[in-house]
């Protein structure tokens, strides 16, 4: 709703192979729309996501980064999503300290059965990031051509 | 303890008993009912349409008054309770509606359904406790067979009212047990008495009400208790074989505060 | 469906908050309705007629004023359709028209009974008039 | 530098409808490393695969990217294609431009732009891929079946027939499950016991099958081919190998007032009991919550009357540890509670019953010896109302009912109605339905017979309220076709309660790391093509734990699961997943962070000699990953403070390259 002019935020979504990536596939199977500015990177488990990847995305011009994993208790690797939750809580609070709005990052649990939730989450997250506007704080100007 | 108490228009006129006994019993049980200043009629029935704002303002004002005093809001009339609880739910869940209401009220602090709304029965069950009610009984009604009549407004819509199982409720039966009497369970205790249709189509109200009273009497009840003036009217008007009284009156009898009045 | 009907349908869906498409036509609303016999159009028909845009007959039907708002259909509907809210929205669409109040203040005295609680009068006004 | 081929699939119009495939293959041609780029109608077809194979050979490709459907669909296909042409399977990456692009966007320009970016990310990744060779692990040639209903029984029998040992774990004192409680089975009306109990005997007599009844799985570790499982055998206070099943104790036990769960509480059993005459194993069990001896030490009657001396009041729970190559979940279903549907007065009248209770009432071995009576007064009912879809297809609120169709109710209700009319022609039978769903061999014919030959009144509509008045049940319902509200004075009301997965399934799924859907049914690896496998390797699904099913369907799925298990157990070695963690020993500082987060215990520390720059040697403690045990989650890679730990196939550099490509 608050998308100003042509501005479209760039969203990087890390999805775990077992739940959320399958959830994204299900959203596709059911033809549920979500913004095209969401680009998905597959990881075996949300716990594979190094905080460095999140920082790298911001550095390279992403406006929002979202991590999706299995629901607590349902991790294919038993406990990976718990690690993610703890690690990202730390990272996000640090980002906040740096002045990057914490609304630009998020950890969400999306199961393989929740195509609708995946699409809804992406719609809502994109909208929330769009409302914040472009992310310039961490952008590495040397990366700009 | 003190709670905000919304009596409602009917309790000031045709249903004075419901109100008076509610106050006395509460006092006896250690709860003071405080009326908010200048309360207005709740409107009698909740309009489910989401664009109806004006008709819900009086409820919001009462809710806001309770919030300002950091008290819960207690009602005893089923209809007021239904309207106020549904309005409060709409303020909590319908952001658009809440925005427009707050805009209209124009108060410094917006209201978003923070007040806890309780029916007098819930107050007895959840705050006072039926155990304490039981201890306070002076005239046990042992052996008396009493049928609870819930009607619709106390229980439904159940996802908003959240008072009891809407199909097999027990809150009034538990109260009846607490004051020593025997509850009579019959199937039509949660069916409609006809409500305001009595005004336009008394025959229709008669059909519905007599089904309720016949069923209660058929299951062996000597008395029906209710929390709603309109239910009481409909059941009585349409030839109930057994008396219909407000639950507060029965409670007052058990707690021994009814006689005080007669002196 | 013509444009006008389509707009009316949208308006009714909007103010009721009810999505008639969720109905699976089980008829539990009509099975549960205490005012069924007084109605020309029954709750399940209300839902279907709004869904299909056949709203005109509903606007002119006395059935609108027979609903008791007892919420039995709202509570028991397995799909969360909430027919009573739809009936209410159609009724509002009817009474909000100029001079279309179902109940007028002048009618009241004739209907009164000395024991009738105020509650009945205010409720009826709320339901039948704008 | 890699030599990468790009293959863009149209998927008919599935992709080509919203993505300009020509433009995508053109755009990707100029990406670093790409030497060949093309598009084709169906890349997964034989002709499409040939295009890939030829390109690999012709252009000496060292890596490839397929822009197509989800890797969950065809990654394996394209990896095989690559391998067939001599390219390492792990040099293949998929850009998902169908599920995550063409199907979710409607605009051609937007779809095309996104597809190009996804393709670029995949290319960036392949540039950093390295060939991987999977390791091998041995297979324990024994299967575990969890649940002893008809599903578990059939699976176990089929696996045992193939010559592999199988263990069945059942929580109840006997196997048999729900089918043992049924009277007749549709659409042939043969008696359930007559066809089930011989199978139960087969299980008991099969040398390859062990039954752990009154037991539950408490721990599962390991991975496909190599599971370590702990089974708790609960104390039944009766020595299983000594008890002869004579049943004398169950007649003499003075504690007579224990609700009999096998008859759904419609009659009572003793504190020591055998659930039913054909139980397997036919061994008595003492209910510790009801037994006076166990509760306060005052009784001992069963021990006195047992000639075999099988009673042991001091028996303790026993933990059994066993290794398995494959595990089958067959945990089954239960009818849902009727507490939230009391408009039907289930909690207010004894004469409102569920369909499973009706089965017991009409079963010759049931509480009324097969005589159809009203539970309240034992009288014969003359008017019976059946209500379908109670709690099924209920989307109003999650705590109340189930959104799905329970599938079996239409048929068993037709069966109940038909059998009632057959045995008691003086009984009027009404069935209230929303839709009658009878897709199955001879199913619709069966339902029509109930209507046409047996005179069952099928009424389209629902029941709104059941009011117990006097000795009648006043049923208020709608007849949608007649546009009427009906009021029927019934003697008995039967509710077709929705079915839900057994409550034990959720904790079991957590132990197995097998995924479940929002209704707690196990999810299958693919809904159409791999319906009896869980996405977790080595875990198989049998029966209603995967979704509502009738008996014929359960049995076919049970056999299918068995076939999959046999296929696995036949192998001597399994090729593992090469996408496992590995540690760069030169960078590892031996801090143990990785070891602590590994959920599989795959990381150990070893002392290793290193040559130092000054030509001395030093022994350092470094991490070492066991590739057979590592499952490749990557938790350790993030935990490692020195960046020594990385994951094959998902290396930090590869993921960063994808991030860069997307953010460009």
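When the chains are written out, they are named A, B, C and D in that same order, and each has its own residue count from 1.
By definition in this document, a contact is a pair of C-beta atoms (placed from the backbone, for glycine too) under 8 Å apart; a residue touches a chain by one contact, two chains touch by 3 or more.
Computed from a predicted model, the values in this text were never measured in an experiment.
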Starting at chain A, how many touch steps does it take at minimum to reach chain C? 2
Name the chain with the Cα centroid closest to the overall protein Cα centroid. D
Between C-D and B-C, name the chain pair that shares the greater number of C-beta pairs in contact. B-C
Cα centroid separation between chain C and chain D, in whole Å? 45
For chain B paired with chain C, centre-to-centre distance based on mean C-alpha positions, whole Å: 25
Distance in whole angstrom between the CA centres of chain B and chain D is 48
The positions of chain B in contact with two or more other chains are 191
Residues of chain D touching 2+ other chains? 343, 397, 465
Residues touching two or more other chains, restricted to chain C: which are they? 72
Touching pairs of chains in this structure are A-D, B-C, B-D, C-D
Footprint of chain D on chain B - complex, ascending: 159, 165, 167-168, 185, 187-188, 191, 215, 218
Which stretch or stretches of chain D touch chain A in the complex? 70-72, 96, 98-101, 103-106, 110-111, 113-114, 117-118, 121, 509-510, 513, 515-518, 523, 535-536, 579, 597, 599, 631-635, 637-639, 647, 650, 652, 655-656, 658-660, 662-664
The residues of chain B that touch chain C in their complex are 8-10, 13-15, 41, 43-52, 55, 77, 79, 152, 155-158, 166, 191-192, 194-201, 204, 208, 229-230, 233, 236-237
Mind listing the chain A positions that touch chain D in their complex? 10, 12, 18-19, 21-22, 24-25, 27-29, 31-34, 36, 39-45, 47-53, 56-57, 60-62, 70, 73-80, 83, 87, 111-114, 119
Chain B partner, complex, touching residues on chain C are 14-17, 34-35, 38, 65-66, 68-72, 74-75, 82, 84-85, 88-89, 92, 103, 111, 113, 115-124, 126-128
